[in-house]
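Each of the two complexes below includes subunit A, the first together with subunit B, the second together with subunit C.
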Partner chain A sequence: MTQSPNNSERHPLCNTAEHVFTRRQLLGGSTTGLIGLGGLGGLVNPLFAKEMKSKEKQVLFIWIDGGMSQLESWDPKPNTQFGGPFRSIPTTIPGIHVSELMPKTSQIMHKLAVDRGVSTFDNSHSAGVPRINRGDPKDRGVIYPYFGSAVANLMGPGNSGLPPYVWVKPGSGGFKYQDAGFLGPKFGALAIGEGEPPPNILLPETLSSTNNADRNSLREFANQQYSQKRPPKFSEAQNFVYDTAQALMQKRSLFDNPDPKDVARYGDTPLGRDMLIGRKMIEAGVRFVKVNSYGWDTHGDNFNAHASLMPRFDQAFTAVVEDLDERGMLDHVLVIAMSEFGRTPRINGHIGRDHWPEAWSIAMTGTGIKQGAIIGSTNDDGTWVTSEPHDIGHFFHTWFNALGIDSEHTEYINDGQPLPIADEECSPIRELLS
Partner chain B sequence: MKASLSFFVLLLTCSLSEPLFAQQLHPVIDAQIEAATNKPIAPPSTDSEFVRRIYLDLVGQIPTSQEAEQFINDSSRAKRQTLIDKLLQDDRYSRRMSEAFNVMLMERRGEDPDWQAFLSHSFQGNIAWDQMVSSMVFPDEQNEQTRGSAYFLTKRLEKYGQNPTDFPGLARDIGRMFLGMDLACAQCHDHLFIDDYKQADFQGLFAFINNSFIRRDTDYPAIGMKPVKTKLAFNSVFEEGEFSTGPKLPGLDEIPIPEFVTGEEFATPPNKETKAPGVPKFNPLKFLAEQLPTQANDSFNLNAANRIWFLMMGRGIVHPLDLHHSDNPASHPELLQLMAEAFAAHDYDIKWLVREIALSATYQRTSMVTTGLDDAKPREYRLFHEKPMSAEQLMWSMITATGHLQHIPDTTNTSTSQTDEEQDQLPLGLEHIRADFLAAFANPPREPETEFAPSVRGALFVLNGPRVLDWLESRPDNLTAKLETLETGFATPLYLAVLSRKPTQEEADKFNQYIESQSDKSTAIKQAIWALLASNEFAINH
Partner chain C sequence: MNNIQYKAVAAPSTDRQLFNAKFSHDGKLLIAGSYQGDLRRFELTEAEPTELTPFGNHHGWVQAFALHPTENLLISGDSWGKLQAHDYTQENPMPLWSLEDAHDGWIRSVAFSNTGEWFATCGMDQIVRIFQTKNGKLRHELKGHNADVYHVLIHPHDDSIVSADALGNVIHWDMKKNRPKRQFDASETFLAHRLQDVGGVQCMTWSPDGTTLLAGGTRPKNGATVQGIPILIGFSWETTERVFLKELGATSDCYCEDVAYHPRGFLMAVTSGTPGTGKIQFLDSQNLDTAEPLFLLSNLSNCHSLDVHPDGDMIAVTTTVRGSNGNGRKVDADGNYIGNTSPIQLLTPDSPMK
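For the complex of A and B:
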C-alpha cells in the first residue's frame, strides 16, 4: 500500500461542490448522517483505488456467545487430566484431530483454517464480549466499533441496496445501533430476531403492490419537484434510506419459510434457522452478516451441554461452509467462527468449565484465508499456549488484510482524532493468509 | 453596508441597555451576514416557505391549511412580523421550546414528568436562560415548579448497561451544554488537538460534581452532595507529577474548599428516619450556579447565543455546537459576540432572541437555489439551508396535515379501562403516538440531534407502519374525508394541507389526473396524501 498514515486529506471522490459535507460529517462524528450508508466509507483515510476492488468482499461472522470450549471442539486433549469424556476423531487433514462432537466439521477441515494459539485478556462476559468484538484497541477515550460496524464503515454497503450490517439472532430484532461506537448509529446492525422480518418491512395487507407502486411513483414525482431547486444533500440522504427500505421490502422472500431440504441440512434449531438466513443474506449481497448463537456459558454440566450444543453448531457451520464453497462464494466471503474466550481446562465442582481467555481457538475460512492452515498449539493439558500467542488484535489485522484493507496504514478519523483500525502493537498472522 | 454595520456596532457597544436597541438586533444580524460575503445572497422566502418554517420553528408543527392559506392571502405589509408575534404568544410555543430544549439538553436519555414540568413552566413564563441553568445545576427542591430541573444531573448519574456511574460524562455535559466546550478528551491529559482545552479545565468541572449523588428519599428528581473535604487529585497520562484542583470553571478562579471540624460539615445532618441525606455547609453546586450563568462568563453567553441561533438557523455560528475553541473558529465571530452580549444585556430573554432572529432577513431568506447560489455553503447563510425535523415536529405535523388531532382520544385517565377488544388494536392515545414516533425518528440516547440523519427505520415506519396509514382512513372532518367530498380540484387543498402551499400547474395536473383516473377514488386520495407525507419536502424544514 502506498498511502501515508498521516495523510488527512478528504477522499477525492467527496470533493465536488455539491457534496459539501460538514467537517463533523465528513470525518465521521458521532452523528454522521449522510456518508454513512451511502458513501464509500467517509472515515477511511485514505481510501484508494486499490482497496476499492475489495468492495465486493463479504463477511459471515458466527458469534458463539458465552464461550465455546476449545477442548470439546477445535483443540481436544483426550486422556489427559482436563480432557473430559469425549474422544477425538481424525479429520481430512492427516494428523489433525478435533472433538468427536464435530464429525461433520472433521470432514471439511481441509477447507478451514484454525488457530489453536489464541490468548486474550478478559475473562468476564460484560467486558470481554465488547473488548473482543472491538479488537481490544487501546483506550483512547472513544468507544470502538464492533467488527461488523467497522467493516460496514470501511467497505460500505456494496451494491445490494441492503444495509451493510445484518445481525441474525435469537430474541429481539430491530435496529441495533450499539455496535457502532464512535462511527455513529448509521453503522449499527439491522437485527433479524427469531427469524422474523424487521419492523414494518412488510407491505400492509390493505395495500396491493399496484397501490404501493402508485403511491411511490407520486412520492418520487414530488421529490423531483422539490429537488429541482434545492441543494442535493438532504434529498439524496432521504432518497437513500427510502431506496434501502424498499430494497428490504423486495427481499421479503429472505424471510419466507425455508426449503425443508435446507432445514434438514442446517438443522431444525435456532442456529440452523439463523445460519440459513445468514447464507441467504450473504447471497443477497449484504456486506457483513453476524449469526449469533447464545447459551454457551457452561459453568455447570459442561459436557452434557456441549454434547447438546456442539452437534447443532457442527451441522449448521458445515452446511453453510459447504453451501458457500459449492456456489464458489468462498472466493469473496470471509467466514469466522468464534466466542469471547475459551473455557478452563480445569473442571470445576459443578462438572463445568469456567472462562479461559489464556488459551483457546478460532476457526475461519474463505477469502484471503489459507485453507488447511491449522496453526498454533497448546501444551498437553491445554492450559497454555505454547506457540506464539495471538491476541484478538492480530486477528483483526489478519481479517482486514483478508478483506483487502491495509490494517497497518488505514485509520479512522473521529473528530480530528486519528484512530488505528486495529491494535497497532499487533500485526497480521501471515500463516493464516493465502 | 459597511457604514451601517459600524453604526450598529457603535450603537451596541455604546448603549447596550438602551430600550431602542432592545427591539433592534435583527438589522445587526443582517448587516454582519451580508458584510461577510461578496457573493450573491438569496432573495426572501416565498410566503409559503415562510409560513411553514416559522410554524415549525416557533410552534413545532406545520400550519393547518386554513392558517397557511390565510397567511398567503393576507396582503398587509407587516404580516410576517404580525405572525411571528402571534406565534410567540401561542400556547404551542412553550410546547415547542420544551421539546426542542429537552432534545438538546437531555439527548434522548429518557423522560420525566417533573423535568417536563420544569421546562413547561420555564417557557410558559419565559424564564431567563441564566435562571434556567442555575436551576439545572443547583436545583431548589423547595420549589415544586422548578425542582424537576435536577433531572439534568440525576439522569446522567444513573447507571446504564454495565457502565459505572458516569461522573466524567456529567462534567463533560456541563461543559458541552453550558459552555460549548467538549472537554471529554481532556480528562486524562491536555487535549491533543485542541490547544485551548486543558486537563485542568476538565478536572475543575469534575470537582463540582464528583461528590454528588442521586437522592433516593424523594419521588421527584433530586441531587445530594457528600461533604467535600479535599481537592481533587489527578495525574496526566503524558506529564509527570501530581496535580490537584478544587471546583473551578475554565478561566475563573478556583473555589477554596473550607475546612470543617469532623462532625460539623453539615448544615443539616442526615436524618435516619426520613432517610434524607445530610445537607453539607459547603456545596460546590451552589458556586457553580453563581459563577456559571453570569454576564461576566463569555463562554456561557457565546454558547447560549450560538445554541439559540442553531435552533432557528439549523447550524451554529460555531459548529459543532460543543467545540468552541480557537482552531474551530466561528463563521461570524463578531456577530456571535454581539448576539451573546445583547442576549446577556437582555437578561437572557430567550423569546426576545428568538424573535430577533426570526425577524432577520437572514432567517427569512428562501431555501431555493437560484443563479449564483449553487456554491452557497451553510456557514455563509447566503441561503436558508434545509434543517432536519425532530421526531416531535414530524409527529405534530403529520397529525396536523391529516387532520387527525380531533380524533386522538384523551387517554390520560382511561388507560386502565380498555376492553380486551381494544387491547388488540393500535393504542390511540397521544403517549402511544409519541412513543411510536420517537422509536422511528429519534436518535439513540446520548446522540445529539444536530445533523440530518434519516434512517431506514424511519422510512419503513412511513412506508408500512400502521400509525400513519391509520390516519389516512376517512374520519369525520379529516383530510381524507374533505377530499372525498370533491369531484375535482383535489390538488390545491391537498398541497395546502400537507405542504402548506398551492401546487404548481404541473403538480396540480399530476395529482388531479391521478385521482380522477382511479376507479377507487377513496383509495387514490389516500395514496396521494401519503405520497406528500412521505415526500422529502414534508420531511425537511426548508
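For the complex of A and C:
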C-alpha cells in the first residue's frame, strides 16, 4: 500500500481553487505590446504573427487515444504488485529503463525527453480528452482551442500553401472545426481518414479549365452573397476550406502509394500508415500534424492488448523520429506522444487497467526540447508522483516555448477579450527545454 | 444429473492476485501462482484454509505451473521466462533446479507428459519447448506458431503435444520432425481490432476418452475493453474437424477462461467478462445443445480458473474482488492505494457426488 499525497500538494504551480484572470495580468499583458487591438476573433498581434511565420517551426503530435499504460511503456515497475508481467529493458541512457514492449524506442531514448511525473485531473474520456487537448485552461466562458488549432492560429500556415492543421486518423475524414474553439472554424483540423485523400480532390476529366474558372467565379459570387449578412469568421472558414482543397489538389502525391521499404519500417498497420502520411505532411510543410491511434482504452485484457499495441507504436514512433532526425528536421519539428491519461496501477478483474490521471508519462523530442532529459518520477509501485507534479498547463507552456512562443506573455484576442494562451498559473518545465 | 447444487464453503485469499488455483494430489493443499513472483499455498485440512509460506523465487507473473502426475513436484514458469522445479510439500520449498531463460519472456502454460518424465512449456516467444523433468534439460524446441502461444496440452493416451496461440491456431506437433503435423482452426477466437490482436485460445482440455479436443476463448466483438461471446469449440482428434461450438453467454461474459471434465462426466467451464462478470457452469457433455446448463452460478466476479478436488466434490474457482475496477484514485480511510486480490471460491455440492 502506498500513501496518497495530499491533494493540496499535487500541483504546487496550479494550486488556486478558482482560476481568475486578474486586472494586473490584463494590464501587464497589454504593456508587453503583444495584445492586438484589432478585435478580430482569435487573432494575435500582427507583428507577433509575422515573427512566428518566419520561424517555420512545425509540430508532429501523436495522440494515443484511450490511455496508454505508463507501466507497460515509459515508466515500468517490474516485479512489483502492480508491475504486470513484463520486464523492463535498458535504454541508450544509462540507468533508464522502459518496458520490454518498446525495444526500438529503447535504442533512441537519448533522442527523446520523457516526463514521468505527469499528474492531471480528469479521469473520464469525455472530460479528459478536450481538457488535455486544450491545456486545461481556466474557465473564462469561452471554449479554448485544441493545441493544433492554437498552433495554427499563433504560427500561421507557413509557406507550404497547405492547411496549417492536418489530422491523420483512422475512420472518417473531413473538416473538423470543433477543435478550434473560440478561434473560429477556420482554425479547425483537416482530417485525413484511413489514409485517403479528401474525396473528389481531383478535377473531373470532363471539366475544362475554362469551365472550372467559370465555376469558381460563380462560387466567389455566391460566397460574397453568403458573407454579407454573416460574421466574418464563417465566410473566412468557408473560403479557407475551399483554398485548402485547392492546395491539396496540387499535392496529390502526398497520398501516393508509399515506398514498401517505408511500410516495412513503419509497420503495415493503421498507425504505421498514418505515421508515414504524417511524416510526408510534415515534409510538405504542414504546420501542425496530429497522428491519431485509437483502441488504447484497455479496461479488459490490458496486458495482452499492450503486447500487441505497444510494438506497433514502438515501430511507427521510432521510424518517424529516426526519419526526422536523419533529415535534420528535428531542428524545427516538435514531436509529442501522449494520451489523455495513464492507466491504473490496480489490475481489475477483467485483467485490465482503468483510467489514471494521477501519475503518468509524456514523451517528446525535436525543436526546443532537451534530448535525453528523462525527468519526473513515481514511487516504487507507480501509484503516485514523487517529483514535482506537472499538469497539462505546464506542458502547453513548455511546448509553446519550444516553438519560440513566449507563453507567459502572449495572448489571444477574442472579440476584444485578451486571453492567455496557456494556464497562467503554470509555467514552462525548464528541464525539458534545450 | 439435473439437480446439481453447489454452495460456497470458503474463499481463501491473500494479499496478491492469483492465477490457476490447483489442488495437490492428496487434496490437502491448494496452490496458485501470484501476480508478484511467487506461488501461494493454502492448507485445507482444517475447517478454514490456512496460508502457508509462499515459495518460488520468480519474477513478474507466475501464470504457468503444473503438478507432476505422481510425485510432489511442481514446475512453474514466470512471465520473465524463468522455469523452476519445487517439492511443494516442503515447509519452505527450495528450487530443485532453475532455468533463468527457459523462454524469452512470458511463459504461459506448462503441461506434464503422462509419466511425468518430461514436460512442455510455451509462451510469448512463440515457441513450444520440451524439458526433462529431473534436471530441466531441454529436449525439443518446436517452432511454427506465428503468435504468442497461450496453452500447451498433452494427449492422455499417447503423449501427443498440442499447443494453441493468440491467433486461434492449434497445432498438433510431429515430435520426430519437430514441426507441425496437423492444425485445428480456432481462428474464430481471434479478432484484429484497430491496432490490437484480441482473443486467441485461452484454454484447452480433452474429453475423458481422448477423442475430442476442446478449445475455449471468446468470439471477440472489440478490443480495448474486450467484449465477446465466450465459446467452446470441440474438434475431432481423429479428423481435426469441428464437432461442436457452444456459446457460454452474452458479449459481456467475454472469455471462457478454463474448461475441464468432472470425473462424473459433465463439462465444467468458467467465464470472465467485463469487470464483475463471472460464471461457473456445468454442461451435459452428451447434450451440449441443451439450452440450460446443469448448474449455473453467476454471482461471482471474473472467474479465471477451475480445478476439481481429488475427492470429486470440492471445486476451486479463482475469482476477483467485486468492485475492484474503477477510474482514478481509490484509497482507503488512511489514504492508502487499494490493490486487488483473487479470492479462491471453494464450492461443494449439497450432497456428495460419488
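Observations on the structure shown:
In the analysis below, the second predicted complex is superposed on the first by the 340 of 434 C-alpha atoms of A that agree within 3 Å, B and C clash if a C-alpha of one lies under 4 Å from a C-alpha of the other, contacts with A are read in each partner's own complex, and residues count from 1 in each chain.
Here is the rule we use: a contact is a pair of C-beta atoms (placed from the backbone, for glycine too) under 8 Å apart; a residue touches a chain by one contact, two chains touch by 3 or more.
For clarity, every value in this text was computed on a predicted model and none was experimentally measured.
When the two structures are aligned on the shared chain, A:Pro198 is found in touch with subunit B, with no touch to subunit C. Of the two partner chains placed by the overlay, neither subunit B nor subunit C lies in contact with A:Ser209. In the superposition on chain A, contact of A:Tyr177 is made with subunit B only, not with subunit C. Once the two complexes are overlaid on the shared chain, A:Ala222 sits against subunit B while remaining clear of subunit C. In the three-chain superposition model, subunit A touches subunit B and subunit C at no common residue.
Within the complex, the subunit C residues that touch subunit A are 16-17, 35-37, 59-61, 63, 79-80, 105-106, 124, 148, 166, 193-198, 200, 223-227, 254-255, 272-278, 301-302, 319-322, 324-332, 334-340.
On the subunit B side of its complex with subunit A, the touching residues are 162, 184-185, 187-188, 192-193, 315, 319-320, 323, 367-370, 374-378, 383, 385-386, 388, 443-444, 447-461, 463-466, 469, 504, 506-507, 510-511, 514, 523-524, 527-528, 530-532, 534-537, 539-540, 542. Per the touch definition, subunit A reaches subunit B in the complex via residues 17-18, 20, 22, 24-25, 29-34, 37, 126-127, 141, 163, 174-175, 177-178, 184-186, 190, 198-204, 206, 211, 214-216, 218-219, 221-223, 225-227, 229-231, 233-235, 237-242, 244-246, 248-249, 415-417.
Note for the complex: subunit A touches subunit C at residues 1-4, 66, 78-87, 100, 123-124, 170, 269-271, 293-301, 304-305, 307-309, 312-313, 344-352, 354-358, 383-384.
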